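In this document, chain identifiers A, B, C, D and E correspond to the written order of the chains, with residue numbering beginning at 1 in each.
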Amino acid sequence: MINRKLLIALLAIGLLAPLAVYPVFLAKLLCFALFAAAFNLLLGFVGILSFGHAAFLGTGGYVTGWLMLNSGLTPELAIIAGTLAGALLGAVYGKLAVKREGIYFAMVTLALAQLTFFIYLQAPFTGGEDGMQGIPRRALFGLIDLSNNTVMYYLVLAIFCFGFWLINRTIHSPFGQVLKAIRENEPRAISLGYDVEKYKWLAFVISAALAALAGGTKSLVFELASLTDVHWHMSGEVILMTLVGGVGTLFGPLAGAALVVTMQNYLSGGELGNYLHIIMGAVFVICVLSFRSGIVGQLQKFKRNNF
Amino acid sequence: MNASHREKIRINNLHAFYGESHILHGIDLTLMQGELVTLLGRNGSGRSTTLKAIMNMVGKRSGQIVVNGSDTMPMQAHRIAHLGVGFCPEERGIFSSLSVEENLMLPPTVRSDGMSVEEIYQMFPNLLERRNSQGTRLSGGEQQMLALARILRSGANILLLDEITEGLAPVIVQKLAEVLVQLKQRGLTILLVEQNFRFAAPIADRHYVMEHGHIVEEIAASELQQKTELLNSYLGV
Amino acid sequence: TTDGKVKIGVLADMSGTYADICGPGCVVATQMAIDDFGGKVLNKPIELISADSQLKPDIASAIARRWVESEDVDTIGGLVSSAVTGAVTQVTNNSKNIALITGSASNGFTTKACSPYIAHWTYNVVALANGTVKTMVGEGKKKWFFITADYAFGHALETVSSNVIKANGGEVVGSVRAPLGTTDFSSYVLQAQASGADVVALANAGNDTVNALNAATEFGLTESMDIAGLLVFSQNTKAMDGNVAGGMKLTTGFYWDLNDETRAWSKRFKEKHGEIPSMAHAGAYSATMHYLNAVQKAGTDDADVVMKQMKTTKPNDFFAVNAEFRGDGRMVHDMLLVQIKKPAERKDEDDIYKVLKVIPGSEAYNPMLDECNFSR
Amino acid sequence: MTQDHILETRNLTKGFKGFIAVDDVNLNIRRGDIHALIGPNGAGKTTVFNLLTKFLQPTSGQILFNGQDITPLKPAAIANKGIIRSFQISAVFPHLSVLENVRIALQRQEGNSFHFWRSDKVLEHLNDRALELLKSVGLESFAHSVTVDLPYGRKRALEIATTLALEPELMLLDEPTQGMGHEDVGMIAELIKQVSANRTILMVEHNLHVVSKLADQITVLQRGAILTEGDYATVSADPQVREAYMGSEADAVEVAS
Amino acid sequence: MSGLLDINFFALSGQLLVGLINGSFYALLSLGLAIIFGLLRIINFAQGALYMVGAFAALLGLKYLSLSYWQALIFVPIMVGIFGMLIQVFLIRPIANQDHLYSLLLTFGLALMLQGIFTHLFGSSGLSYPTPEALKGGTRLPFMYLPNYRAWIIAVSVVVCGLTWWAIEKTKLGAYLRAGTENPQLLQAFGVNVPLIITLTFGFGVALAGLAGVLAAPVYSVSPDMGSNILIVVFAIVVIGGMGSIGGAIITGLAMGVIEGLTKYFYPQASSTVIFVVMVIVLMIKPSGLFGKEA
């Protein structure tokens, strides 16, 4: 189970961080951490690699953004709607994808995500290449004005904590037990009468919904939703975050997202912008070759061996 | 030089590992030409690992393995096969993307005097009947036959056989015993891993008993009678 | 921020399709302006930073946000690709920072999306259409087909041009939208070929234009139809096969070889950058210079005050000829209708255009919308 | 009448591209029996199992379970009806504890397996029942070990305990003693005997010792069709069975048993 | 026939032909992927990047080494193939025993790196490669003007794909490849030099991408992201055809090009999605793909 002290320490850092760091950056980091954690629920705890999670991130962003632009909804309702939209898309894609395993699953999700990308590229409401610009943040519950970045950040922090809690709960639930069994020995789970596809499907939907939650939140933070969030590079990035942080660990996605987002931020502004992809690619290669358990995984190993 | 006294396999102080786990702890054994020797032991005692170690199919090995006079420690698996070694794994290893006949023809001929396809089909008529079906569509027992037939065709003269009677009907098991005796008479050398002691006892020249990755006993066919007690205590009969 | 210290951020396409048009060159031009100005304003050194927008609105928006919110950037220049510019101006309008648009073409920044913090320099789609399209329709090319870049700029260029065509008695027989950065235009060219048009208009820019023209040549389109490149920068012209492109007419806001003044500046630019300047490069210099002058004169870097100052003084340099910086943020100046020279007519590789006529700013640009007049 | 047959097949047939693997088989399995299916390799035994559990679709024929036609059901539905199959290869969840292995099976009847919002503490009340099951196969002292570390024979025992958790009316065992040493064969045979107490077992087995010791009724298949049926004495006396399947092994077993 | 109908027919045939040309690239690339996947069970994400490298190699060869198009057609695939073999030996082989997903991620990282490096060196804007003299010009078909070079692409692709299919499905080498896919260790124990076969096959699959790159250079502008754009489409094609099926990859590649062409005619907005829509439909009906084996 989770280490209580560590949790409190992290929460304290989360609450105090905007004093020291640009809040929009922190909010972005948490959005990606949530996205990666949602992704990790599938890869780390069901053992399936989705290569199309950007589709859900993007859908959450577009739906939330569209509602903020075109309806009088308050932000929390728009975010919930975005999350539901992601869940719905996840339900459909999950239905198609869970029939296949391993690499096949990865390919199918990738292709479905690309389908989504092209639809969003063409659909008039997304603004195509221009993106959906000028999404207003408005006021939470109609009361708390979100235009201040710090206030916005605390909303993101709350959403992140909720998502994180839900994932942790899912892993340690009766449902999570069955997922574990499926990952261990799928044919045996079937023979015990578990309809494995349904379990994988539900996990997929939960993961998609949380990814969309991250996307919807992100669109408010940046007041913009764009094709970048649906592009397959984004699906790759979330894998990178999870891999770097530690697949199948609870805090891995957080650590991975922090590292990758910081790196991107640092590189994208300056002269090193050109190297961004090279460095990311190299990190990928290094992780796969010699660092498969990721930062958190390595720390855990270290702790096990030394304490 | 007396052919039947030629040493075909000699293993000295063999250690083998799967990843971190140390499975074989210093095995010594020798096989002379024309001998049929069994490896007995309980599940997990390391018999299959010994065969795989000879084929260089385990994670890491140390010690010495000499096949037909050549030191095979530095060799890759395919080179070892070309010394005339045929391996029949316990999981059978039938290729599902190949037909039965393709499976049969797959191993490259390592020596010229292998059995002909006709002889093989005669021995295993089931295979003839199903020869165009997909390899893994065969029944469990048929797959076992195919796995054995495959290496008989390649002409290997040192056979490493892992639980070949597993899942076979009693009649076929009896027939297999006859086949092995025939092969022995042809001068082939056979290292047999078996659970089915009743099958192995009458045809083997010697038995090695393994436990926890060690060879704990060597029993010649002639001593079998007097050492039955001991053997039973090792095998838990 | 009004801290009395001027920091200019150049957000441009450092490595993409528009990199040659307004990428590192725009940084060079801006730096030239700063240096020519003396490197200091209000007694403090002028700072310049730059970043790659990667032509992605979200990336550009995030960078702009960070610049103005946590890095004290006063003004963002460069700005090529309307999608990027749209996203960046969302940020700068909110934060009350000035955007000096030197590379983008959409006329939306001084109409639908106009704001008191926008300065749209170099050119826009209206000026392009009024130059090239009007001229060709006048020559009797009545039926038009569009191959349009599928984003804000392309759409705007197509709409504006279509209006010009219709207003002058022409007809639009079809159009097709190609994603930004398309490399194989063959299927679009086939559609154009089947349309029976007189002119195929390329409502795109940069490499898209070059690639489309190549495909048109390959599939024999040029044998039966005219091609009009609606937005062609000098770099693109140099990249095109002169035998194919020679004779094509186009509109530009600047040509290096127009007069002694332009030649002098362009020579200096080429020494620094290795290439002759595009109109966006010249625009970036001109806009920065005008901005810095206004800061100096206003004695503050407060955006509202500076903008007011910019609008009261007429820009006037080698680029901004007969110019006026209007209340809506539009910098109106003389445009040029030029014709691409055939290889045989060229003295050297930089000798690419024959200037056909000077289009006065008032003819090239639409009049100001009342609701967008922020000069008060 | 049929009431005392738990499972019947009527003219069950399965063809693979012109090859008939199961040919017009009418099985009648009495409630409470240990029923063995034997026959030469390739006779169609595994295929029959696959048909009964719907891993394969019959070409024609019917399967009746407790008098009810279950031919159109899906594999999971068959399992829910109470027909549970064990696999030839050891089927456990290697990195779960022994207790959890059994609990996963018990959990299925709880109806909370999709509850992702509840803590898995709600499963703890199953522990007692799980321990009871482990005890019945002699594994209670291993309850908290990780399953991978168990010896082979113990894994098979665990698998049986897991299967029992589903309270199957009918257990299908495909070669339960394959690949086992003597010691384990004895143990598993004993276990099968023990758990057969109030349920029916259908098994495929090549080990004639086990068959002779356990089976109340035997069906011999050959080339997809039923060759003969009866108890061990009847079947082993049949010269056709001897020729096609048992060979002289039949004698050895009789001597031994 | 009315004039209007004529035009439509011409336009349609034209789009189909262009579709076939695109299909040729799809077929070459998905064939390479299918071979590598078939043997190693890994999806080579770097296939697109190596296609790009092939195109750049032709371009740079011309610029700095005066390597003619025809020479490039021979040498570039060899060079890319060798590069691929180095990747296989030094990067993929060490993780061969891990879950195949790791090699997918590894090649994904490689693809990012390659694309990043070329973007850094050459910008992302795209460069052009001249059409070889001998293939300039075109033929006026009744329904369209077919540039000779495009016809050449179709011819090369069909011949290369056909030969490859034959070698894998009909020869002993093919049986080794298929067996090596399933259980390389055992095949090696039978006396086949599996590591060598794997390396060579990987090299060959990658060389096909290099070849496609050279073929593409004169018609598509040579840019660092040319590979990533086409790659995902090729993935979808591989899924539709049935992963690892050699014939499936070829046929589906060509067919999808044509379907794309049809869509461009009837409903151009959907042309970039149509392949993915086909994929969804195929998956619903036959989860293992049109020519895929396992269920």
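Worth a mention:
To be clear about the criterion, a contact is a pair of C-beta atoms (placed from the backbone, for glycine too) under 8 Å apart; a residue touches a chain by one contact, two chains touch by 3 or more.
Computed from a predicted structure; not experimentally measured.
Chains making contact with chain C as well as with chain D: A.
Chain pair with the most C-beta contact pairs: A-E. Ranked by distance of CA centroids from chain E, the top chain is D. In terms of their C-alpha centroids, the spacing between chain A and chain D amounts to 44 Å. Separating the centre of chain B from that of chain C, both taken as means of CA atoms, is a distance of 79 Å. Averaged C-alpha coordinates give centres for chain C and chain E that are 38 Å from one another. Residues of chain E in contact with at least two other chains: 119-120, 272.
Annotation for chain C: residues touching 2 or more other chains are 15, 179. Residues of chain B found to touch two or more other chains are absent. Pairwise chain contacts present here: A-C, A-D, A-E, B-D, B-E, C-E [touch as defined]. Those residues of chain C that touch chain E in the shared complex are 15-20, 176, 179, 181, 183-184, 186-187, 190-191, 193-194, 196, 206-207, 210-211, 214, 218-220, 239. Of all the residues in chain A, the ones that touch chain C in their complex are 22, 24-25, 28, 121, 128-131, 133-134, 149, 222-229, 265, 268-270, 273-274.
Across the complex, chain B meets chain D through its residues 41-44, 90, 126, 130, 133, 137-142, 144-145, 163, 166-174, 195, 197-198, 235-237.
By the touch criterion given at the top, residues 7-8, 10-11, 14-15, 18-19, 21-22, 119-120, 123-126, 128, 131, 138, 140, 144-145, 147, 149-150, 219-221, 223, 225-226, 229, 261, 264, 268, 271-272 of chain E touch chain C in their complex. Against chain E, the residues of chain B that register as touching in their complex are 55, 57, 76-78, 80-82, 87, 89, 93, 95-98, 102, 105-108, 110, 150-151, 154.
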